[in-house]
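A short write-up of the structure that comes next.
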Amino acid sequence: MYKYTMKLGLVGATGLTGVELTRLFYSHPYIEDFDLFSSSEGNDGIEIADLYPHLKALKGKKLKLFSPEVLKNYDFVFLATPHGVSQEIMPQLITNVGKIIDLSADFRIKDHNQYSYYYGKEHKCFELVNQFSYGLPEIYREEIKLAKYIAVPGCYSTAVILALYPLARNNLVEGPAFINGLSGVSGAGLKLDSSYLFSVVNEGLKPYSIKNNHRHIAEMTQELKIPLVFCPHLIPMTRGILISCYVALKEGFKDSVIDVFKNAYLNEPFIKLVDKEVSTKDVLYTNNCMINVSLVESSKFIIIFSVIDNLIKGAAGQALQCFNLMAGFKEEAGLLEVGPWP
Amino acid sequence: MYKYTMKLGLVGATGLTGVELTRLFYSHPYIEDFDLFSSSEGNDGIEIADLYPHLKALKGKKLKLFSPEVLKNYDFVFLATPHGVSQEIMPQLITNVGKIIDLSADFRIKDHNQYSYYYGKEHKCFELVNQFSYGLPEIYREEIKLAKYIAVPGCYSTAVILALYPLARNNLVEGPAFINGLSGVSGAGLKLDSSYLFSVVNEGLKPYSIKNNHRHIAEMTQELKIPLVFCPHLIPMTRGILISCYVALKEGFKDSVIDVFKNAYLNEPFIKLVDKEVSTKDVLYTNNCMINVSLVESSKFIIIFSVIDNLIKGAAGQALQCFNLMAGFKEEAGLLEVGPWP
Amino acid sequence: MYKYTMKLGLVGATGLTGVELTRLFYSHPYIEDFDLFSSSEGNDGIEIADLYPHLKALKGKKLKLFSPEVLKNYDFVFLATPHGVSQEIMPQLITNVGKIIDLSADFRIKDHNQYSYYYGKEHKCFELVNQFSYGLPEIYREEIKLAKYIAVPGCYSTAVILALYPLARNNLVEGPAFINGLSGVSGAGLKLDSSYLFSVVNEGLKPYSIKNNHRHIAEMTQELKIPLVFCPHLIPMTRGILISCYVALKEGFKDSVIDVFKNAYLNEPFIKLVDKEVSTKDVLYTNNCMINVSLVESSKFIIIFSVIDNLIKGAAGQALQCFNLMAGFKEEAGLLEVGPWP
Amino acid sequence: MYKYTMKLGLVGATGLTGVELTRLFYSHPYIEDFDLFSSSEGNDGIEIADLYPHLKALKGKKLKLFSPEVLKNYDFVFLATPHGVSQEIMPQLITNVGKIIDLSADFRIKDHNQYSYYYGKEHKCFELVNQFSYGLPEIYREEIKLAKYIAVPGCYSTAVILALYPLARNNLVEGPAFINGLSGVSGAGLKLDSSYLFSVVNEGLKPYSIKNNHRHIAEMTQELKIPLVFCPHLIPMTRGILISCYVALKEGFKDSVIDVFKNAYLNEPFIKLVDKEVSTKDVLYTNNCMINVSLVESSKFIIIFSVIDNLIKGAAGQALQCFNLMAGFKEEAGLLEVGPWP
């Protein structure tokens, strides 16, 4: 099988998103080889399969110690590092490498005030933000194809924006959207906090960021340009995000609202419009976003539901989708449209 | 220990709610004895502990075959039968027994049209509905003390009404309340439907009754008298309900909204107001309803969260709370305020 | 991409194993097309994606009504029907089609008495059993390549036989093997039994077939030819089997036991020997069997652990592995060695 | 209601076992008051309900800073501290307080070599070990009634010893017992290790301490005096332990083995012998140990299954059972025989 020859590196290979990217690289039809980097000296020279036995088939693939210099002349670099790291290394990195796909939040927000408000600190190289494209192919496909630098959207943001964009773009929403978010625990990565212990999570359920202050709201309002109230909840499951948007339509648009969505997503390979209840389980391990628009009888209200796999369409998969576009590959290459069930 | 002597019967002992009521009767300080009835001939004479080994300590307690006649002269009868059964047997039952606590939906709705609309059929003895009190002690305590017949509220209804009643009663809500409901699977009892199989439920998440047509809406609007949009979701956990209400306040009331709740629930033994995120896990196995009111900065919106154990405060526990009031016992008798964790 | 042209049919497409096979066919590099059959008239003409929304990408693929005649001239037929169905249809089917891969238990047991004992009834066409090869490539690869008819092993059997075969073949085991089996709930398919409801399964754990009478024992002893005691347990998870075998080694073999395994599985693409604790999670969605051999200090005992995904290596994946061998494809085609995690 | 007046203290109140003890104290019919201690200065003066909202009904109950002096003149002290802490503080504590119930492993092992072997270090006050009784009432009830100092058994040890003691005491076991242990994640407390994160645990399953070197083996062999191989496994559930013991009986005893168990546990309030499959779910939140003895047809082997709630009969409940005996209360006081289900 033909494989494209390029130098491809992944920084932050040992986090959850990094591990999923590693798997996707491994099974991608056109990626011949790739290098894994970690900022932890303790990981230098360690086989990734020793840390993650499910990657045993990658026997021999070792972690390398990251530095901006060591990535010199790489064609593509994926950054799956914690928020805040990208902005530290970007000024140097950007001079060394070809194209950069950043999965962190550092280069998503174009408005300086919004960034400072939601992230509670000054950005360290805000002047670079405008060189980054927002990596949501369903909105910015053509821009992404030509982009050198991509800021991959947040997981909640992806599901919310895809659920509301057709209405928001057409200016059909009246008043604020009330958005209820539900996420599996992998959204928190492997963070060692008692809130994410099995014993604490299982058979429980709770909201968080309850003051309409979740950081992803900055992205949602940037892209949708409508007022919204958003509250996320932690669900006792590993993967999956379900968004329920309670929205009032401007008068006269209710009859055509389903068509608005059909038209918007007509040729999208990964958007699956359905006319019944969505389930996160129906998109797990795929790059799909499944959307259902439900009309509330004899009223102007509708409820829009969207589901994604937060680690795929909400992170690693979307990054790979952008990569495919930037590299000139088939957009779906290495990404699933059908996942295992149940 | 002193125990009150009364004839107490439970019809529908083999369903989930019946099993929890059986346990609560067994450990109630003032219930000396009780009889368990089932409508299934196959269960006649069977020990409940043979069906439910966790009830092994009730060794010798056998199921009896239900008929309205066999309950003659019972002081208290609990009906934990499926919806629709109560209205079949009530005309005869009501002449035979002292007091009746019906956990089904049959006698909750006072408006004939609402009943027909949400339940999709004609009620078989609607003329009896007005003899029933709505068994929510936080609103109808004094009425319940004197009542002969109680319709115990639905699980979602309990959590929603308790979350919104202080505002609704004081006419502080502007426009509709958008209510997102999350429930564990035990809300469906032991119904044999593939939707409730472990393999289908675990690691999944989905909305249902997505057209604002969940039956409990009839109760919510009856008690709250405000417009509302309500959508329930099935969560991969056994017990627990979490309600997230997105509400706009009428102008000028935001500063005092917390006090409104404090005043409303000042002396309530089972309402726990907290100033941080609620978790269903913090109320499991108790009769508590824990409520948090969260203000959205620089806006008129608030989010109210409430959590209950759907089988306790949402069913068996609330029925027992009503029973305690009707029997003149301490309202908290046999009910937990602190449950096991985690 | 080149795709082989053949007529390929799947009978029993709507069960869990059928659904996984459908997915594997869809993503198989050399399968161009396939037909899905169901024995239920109600399913005739229904789109599989209407029953299983995660298969939405197969839009247009309809279920057909099964009969032995309709499969005439098919090159390959997979039977994912319930146990007992294959033996009903096999005499007719075998005259109509090319090659048959039966995932049921009907043609696994070569000893008539063993079949009757473990399955509690007479076989309906036992004379055909000897035409079937036992579809475990790690033991019968060459035979499978030439076979027309395959009986795919049971899920527990696969994990147990692979864990013990290197020792059993070399006659190194002393006395009986004590085998503890743990399985996720999908092992029971979508059977509507209250034992498999989420509320009953989650946060619980129980053994079953506790009298050493699980049906898969017939296969295990047929292939291993050693005495064994086996007890399976139901675990609150969807997929995965973990086998823990407590075994005494014949004197003098302890030092070399790891090498015995290494030699036995040297070139096996899907056997992953590891020197630390295995986890079912490390093989989910793959066709791997991961095995660890642990020596108990200063004694003749060892514990062998093996893990598989019961729906892949324990069913659909193993069937496809056999198919690849029979069709002359690469053995690994369409099967994962690395799955998503976590 | 009468309540006994005593000074009762709990050290280590903020761990999982401490939290369950706190709840049990709160609902115990004869415990009027109790004090909660923590060794962390940061906790000093903090309300326990602020750390654990499910304890909201204990509003006002504050944590105090632990020191051996501050416990002077306490009648009863429970130690729910991590292993190793008790032996640091015991020499001083033992001179200050009346009776001590230690839930750690520090004073369970009577053989100095066994302690050093399994715990990998020297004991700091081994001379005190003999003053402690092993707190398993089913074996040492009379000794416990008179004891001043109790070492509460480990969770696995409790389930294993209760499953095998009737046979071991009567010398009926031939050869080693092969014991497979399955435990929920709460056995690890709230330890912050990625192995216990929800995302890592759910839908997974793995053995640990795979070299027959789990520390509880020291207790099991001390009490049972038979050779055994024991391997524990981590199960994706919060609470519950299930033990499956594969045992060969000495010749001639098979017919009477059930009676051996019946006689041994005739009057035990918390031992529930059943003649079908046990489930951990049937004992959750209770102090019960449910046991099933299953004969393997036409062989000398039997399989004994036992289940407990690891935090109750395996820790806090058993400690309270010992306390009841030491204080002269009803042995069952404050402990459940019937728990909520499901």
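Each chain carries a letter (A, B, C and D) given by its place in the written order, and its residues are counted from 1.
Here, a contact is a pair of C-beta atoms (placed from the backbone, for glycine too) under 8 Å apart; a residue touches a chain by one contact, two chains touch by 3 or more.
Predicted model only: the values in this text are computed from it and were never measured.
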Task: Comparison of A-D and C-D by number of C-beta pairs in contact, larger one - done: C-D
Open item on the list: From the centre of chain C, which other chain's Cα mean sits the farthest off?
Closed with: B
TODO: Could you please state the distance in Å, as a whole number, between where the Cα atoms of chain A are centred and where those of chain C are centred?
DONE: 36
Task: Whole-Å separation of chain centres (CA-atom averages), chain A against chain D - done: 45
Open item on the list: Could you work out how far the Cα centre of chain C sits from that of chain D, in whole Å?
Closed with: 40
Task: Residues of chain B touching at least two other chains - done: 16, 184, 186, 199-200, 202-203, 236-239, 278-279, 281, 284, 342
Open item on the list: Can you tell me which positions in chain A touch chain C when the two form their complex?
Closed with: 16, 19-20, 23, 26-27, 52-58, 186, 202-203, 238-239, 272, 274, 276, 278-279, 281-286, 288, 290, 311, 336-342
TODO: Would you pull the chain A residues touching chain D in the complex into a rising list?
DONE: 16, 184-186, 190, 192-194, 196-203, 236-238
- [ ] Would you mind writing out the residues of chain D in touch with chain C in their complex?
- [x] 176, 178, 180, 182, 184, 199-200, 202-208, 210-213, 229, 231, 233, 235-240, 242, 244, 246, 277-281, 284, 292, 294-297, 299, 301, 303, 305, 307, 342
